[in-house]
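Please go over the structures that come below.
Here come two complexes built around chain A, the first alongside chain B, the second alongside chain C.
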Partner chain A sequence: MTPADLNARFDEHIARLPGSTTVRAARESAFAQFIEHGFPSRKTELWRYTNIAPIVDGGFEFLPQNHAVDADARQHWLGEAGIDDEGLAVVIVDGTVADMERADAGFDVLTLSESIDRYGMQTSAAEFPSQPFAALNVAFARDGAHIRIGYGAAPGTPLHVILANSAALRCAVQPQLIVDVAQGASAKIVIHLLSDSTNASWVNLLTRVTLARDSSLELCRLQRYGSATLHTELLTAVIGKDATLKSTSLDIGGQLVRNDLQIRMQEPDSSCDLAGLVTPAIGQHIDNHVTIDHCASHSASAQHYRAIVGDRGRAVFNGKVVVHKNTVGIEAMQSSDNLLLAESGEIDTKPELEIYADDVKCSHGATIGEIDEAELFYLRARGIDEATARGLLTLGFAEKILERLPATGARSAIAAKFGLALPSDQA
Partner chain B sequence: METDRTPMLEIVDLHVRAGDREILNGLNLTIGAGEVHAIMGPNGSGKSTLAQVLAGRDGYDITRGQVTFLGQDILDLAPEERAQAGIFLAFQYPIEIPGVNNAYLLKAALNAQRKARGEPELDAFEFMRLIKDNMAQMQIHKDFLSRSVNTGFSGGEKKRNEILQMLTLQPRLALLDETDSGLDVDALKIVANGINSLRNPERSMILVTHYERLLELVEPDFVHVLAGGRIVKSGDRTLARELDERGYDWVQQEVQSA
Partner chain C sequence: MSTEQDDVADLVQRKYQHGFVTDIDEDRVPPGLDEDVIRLISAKKREPEFLTEWRLKAYRHWLTMAEPTWAHVRYSPIDYQAISYYAAPKSNADAPQSLDEVDPKLLETYDKLGIPLHERARLAGVAVDAVFDSVSVATTFKEKLAEAGVIFCSFSEAAQNHPELVQRYLGSVVPYRDNFFAALNSAVFSDGSFVYVPPGVRCPMELSTYFRINAANTGQFERTLVVADAGSHVSYLEGCTAPMRDENQLHAAVVELVALEDAEIKYSTVQNWYPGDEEGRGGIYNFVTKRGDCRGANSKISWTQVETGSAITWKYPSCVLRGENSVGEFYSVAVANNYQQADTGTKMIHIGRNSRSTIISKGISAGHAQNAYRGLVRIMPTADDARNYTQCDSLLLGSECGAHTFPYIESRNRSARIEHEATTSKISEDQLFYCRQRGLAEEDAVNMIVNGFCREVFKELPMEFAVEAQNLLNVSLEGAVG
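Coming up: the complex of A and B.
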């Protein structure tokens, strides 16, 4: 898949992708932005640890038109996500939104093509010049969801968004999620990323969050792909005055997973609290790249990232904090804690601070360790066998992140993945 | 009558090294069923090493000697096998385990031991009933069950937690390593009551302590002084009082002149 191949694909598909001539212009400029630099090179610092060859060499099909998603498929994926069908859930299968209710208890949902018809392409690739995959998403985006939480609304239950991939074809899926939280509103959205065990698609997700004054959003993102799915993602968020974003992500599956987060503390007293757990093993590469821009005074950010790395797994974390000029009272904390279960695993973790102001409280810390011998002995001295003690300690390490997520079988999925023994009634 | 004469624990000529240091050199100690022994001794004399080695801690070289528990040689057993056989160590410094909650640990430990003994595992309801009484006895609040093991606990809470575990696991031999240190008077009473409630003719205890004050509340049958890597003096309760008043120097002088 050379840029020339993509060019041919883009020319072929542009007429069939949703949107008017202005949308078409936005797509063209996004595509031009991508072509200008091509695929990211490992020579650039941001992509140094991430080998994207599986994407470049993947030979993916681009599907320009929506296809039918039947009710059975929708039901199937709801089941896989571990949620019942009550209330509103957005199910997107191989890039196409399945039929759904459109509004429920405070959430107002459009499909992306409806949103594009009404509002045009709301995302401009110029917002993220160093994100070639996100530019590609804007060029090719066909479906997805535009979720709005209206003024002062506070839905009592979370909205689930399921992005499922079942195609036998190797597809390049370019979904877009737009989340607008209006002033004073507060909501929770759970994103489930799922695929069949044989699926080898490339999902290139763009999620764009806007938080108006006094609003709050809790995002939970649960990635449990099969072992052959590829994933790139940009989450951008712009956070307004006194608004708060809480985000927690868990990555279990996938072959190559690269998550970029660009969080902009746009207005005074905005805050964000980000956490993530990745669990790469058996040749998986999972990567979180976070950039937080403190553009306004008294904004606060926190990053809690953890990795459990097994045999031949690779975890990358890069957490960058930029404190802009003319701001005061900024607080930024970051922690990256890593548990290495096998010598063949690899962990790269790096904090970056760029500070252009004086009144700043920043902290960061990174640890890489193995199962602690003293903890292990303590459990064994209580009669718990060594394998079970290791299982308990490994899940105990994950708990700090898992406790922020809904109970959806993540613990047993992690236990199964690393072959952890657990007490008989808990396994 | 055979079992009556088998000691609970018999330590013969135990030599233990860590790195290139000999910590225990020729320690002998026999504990009968139902007996409570206090081991006192200066800081760094090897009391915790003895307790940890008995519980099966890695990282020590046992260069000579035997340890038998209820007639069985235990030095080749894994820590969990010793625990399942009925040995319990209350740690001098209980370990914090973030992310593993107390209820989870207690239930996993109890069921692992029951399973090893061929007894049915307890379900959540049976477990809660058992644990509730023990928690009331140790004056531990029920919130405690959902907190991570020892994480952010005060010194006193950690020690009470050790005794709660002991009450729940009902060991045959309890090794209590300075369970009294760092406790205020009230907490000391609670801990002492917990220990006393487990005393019976089938159960033995070793109390490692610096202070006589625990021994006022939990009366030992025997008191030993550990110094220079071995038991250098043994006596009854009055020895503890004497050590409290006079310190350890006279014991060491007595040993040297002998």
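Coming up: the complex of A and C.
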């Protein structure tokens, strides 16, 4: 799948995608932006640790046929995601949204094609010039969800969004999620990324979040793909005055996973609190790239990223805080803590600060190491066998991130993945 | 007879045979760079054949390279053909053997800059190999060092008298292919210092060199090579000042350190090149490649730097920790005021088992300056039980300046432990209030706090340098606060 191949079939693809002529123009300019730079190479600073060859050489079918998602499939994936009651949930299977009840529980949900029909293309590739995959998403986005939380609304239960992949074909899925949180509103959205163990699709997700004044959003993202799925993602968020974004992501599965977050502290007193845990092993590459732009005074940001790396796993973290000119009272905190469990694992971390103002308090810390011998000794001295002690310490390390997420069996999934022994009442 | 198909190399060869060499007495090469200029420099220095060839290889490789753009600095493009690549002081012709033979005018210049060369050499027991423009003019205490078996001389002398050592170690740490500026330096390096400490010898004194830039429009391309043989110890001091000047000057030096088994090298720098005026005009471009190779087990290399000068600093003193139990250290204070730009830091490459490294970097930005720390810590799979500790702090004085941190941390060994922490802040009102309440003027309070901020690095400097560095810091930040 070279840019030239895509170019040759662009008209054929685009003809089958939703949207008027203005939408088509937006797609064309996004595609032109992608073509201008092509796929990023490791010579590009932002991609120096990420080898995207599996995507470029993957031979993905760019536009799978439209298909209906039946109620059984919807039920299956709800079960896989661990959602038992018939709550409000958006289920997207292989890039197509399953029929859903539009129960109004404070969330107003449109499918992406409905949204495009009504409002046109909400995302513009020009907003992220250094994100070729996001540009590609804008060009080829077919389905997804547009979620709106109205003025002052505060839904009592979270909205679940399930992105599931089961296609036998190697598909390039280009879903888009748009989340608009109106003034004074407050909500929680849980995104589940799932796939069959044999699925080898490439999911290229674009999520665009806008937080109006005094609003807040909690975003939980649980990625439990099968071992062959590829994933690239851009989450952009623009945060308004006194608004707060809390985001937590967990990555367990996937072969190559690259998450980019671009957070813009647009107005004074905005804040964000981002956290993530990645657990690459057995040849997995999982990558978090965070950029936080402090454009307004008295904005605060925090990042807590952790990695547990097993056999032949590779974790990458690149966190960048930019404090722009003419701002005061900025606070930014960033931490990257990494646990290397296997000889053949690799961790690359790059916590950056770029500061153009003086009234700031910015700090970052990074640690890489294996399980602490002293802690191990402490537990063993209390009669806990070594394997269980290691299991407890490893999960304890993960807990700081996991405690921010809903209970969905993540702990036992991690324990199983690394073969951790746990006391019987913990398993 | 030659044909039109002759390749470039042939053409060059022919020109050479017709002899640029006859110009050997000229003390300044006209601006421009081609293979002839390189052959000329090499010939003037009566260098052995291997060195000429090495320079030419470097030049040919340099032609294929592009100037790096990744550093967080901006400057107007450099015209490499407008630079004169060789200049020698007039008095060089007779190659003075001692201070008495040195042109008194040169000594006068040193005096004006507050470098009492002979006094310092006699009283402080420091051997000085001063580099004036591109050729060494005075080397002292040679005998005393010779007694200990230490070779401390200009690079050109070393190339003539100890070609086997030069051939063995030159380019073994910083190969000519390393980067754009190192390749340029390898092709045209004018002079520099060479130190060899034989096995088991503890160098009897601190070795020191003063670098100077004088003739206008002359890029300086110093090359320093320090080799500490098994079980030896050497401390090397490098300090620089430059006279007031309005034109940008390029300075692309290369420093190579080699520490064999159980050897220790301590390399300290106080850099105070002309930083440009308050509007940011003029000033030195300082693009330096410094690297140490801890080749033997239990070897140690320690870099200490105080960077207050230069319009642009692009400098990453690094350690390759190859030997088992080897130790790398980097202590740095970088001050950028007015329109200065600094992009500096270090690289610690852990290869050997049990290798350890410490990085302490303090950046101070004032005025409109941009100060960046860029560092790499890489743990290779072979570096069992490697350990790194990094701390990089930035202090901001003024709302127009910038402080940036770009650390790269790569670990491929489970048993390695890496810690990195960084903070960026301004001097807090509380701290200032506390000092002022006790009767300190604001400027004194700021000076005190800034000096305290840098203490961890200053205490690594040799005594006489530490005092100088503190004063330098106060002068550099004059008018930046209050």
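Here is the rule we go by: the second predicted complex is superposed on the first by the 423 of 427 C-alpha atoms of A that agree within 3 Å, B and C clash if a C-alpha of one lies under 4 Å from a C-alpha of the other, contacts with A are read in each partner's own complex, and residues count from 1 in each chain.
Note that in this section contacts are C-beta pairs under 8 Å (C-beta built on N, C-alpha and C of every residue); 3 or more make two chains touch, one makes a residue touch a chain.
Nothing here was measured: the structure is a model prediction, and the numbers come from that model.
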Touching partner for A:Gly156 - first (chain B), second (chain C), both, neither: neither
Partner chain in contact with A:Glu373 - chain B first, chain C second, else both or neither: first
First, second, both or neither for A:Asn338, with chain B first and chain C second: second
Chain B versus chain C as contact partner of A:Leu353, first or second or both or neither: second
Chain A residues touched by each partner, larger count belonging to chain B or chain C: C
Which superposed partner A:Asp385 touches (first chain B, second chain C, both, neither): first
Sites on chain A touched by chain B in the complex: 373-375, 377-386, 388-389, 392-393, 395-400, 423-426
Chain C contact footprint on chain A (complex, rising order): 45, 325-326, 338, 340-370
Touching residues (chain side chain B, partner chain A) in the complex: 55-59, 78-80, 82-84, 88-89, 91, 94-95, 97-100, 104-105, 107-109, 111-113, 115-116, 121, 123-124, 148, 165, 169
Chain C to chain A touching residues, read off their complex: 70, 379, 381, 394, 396-426
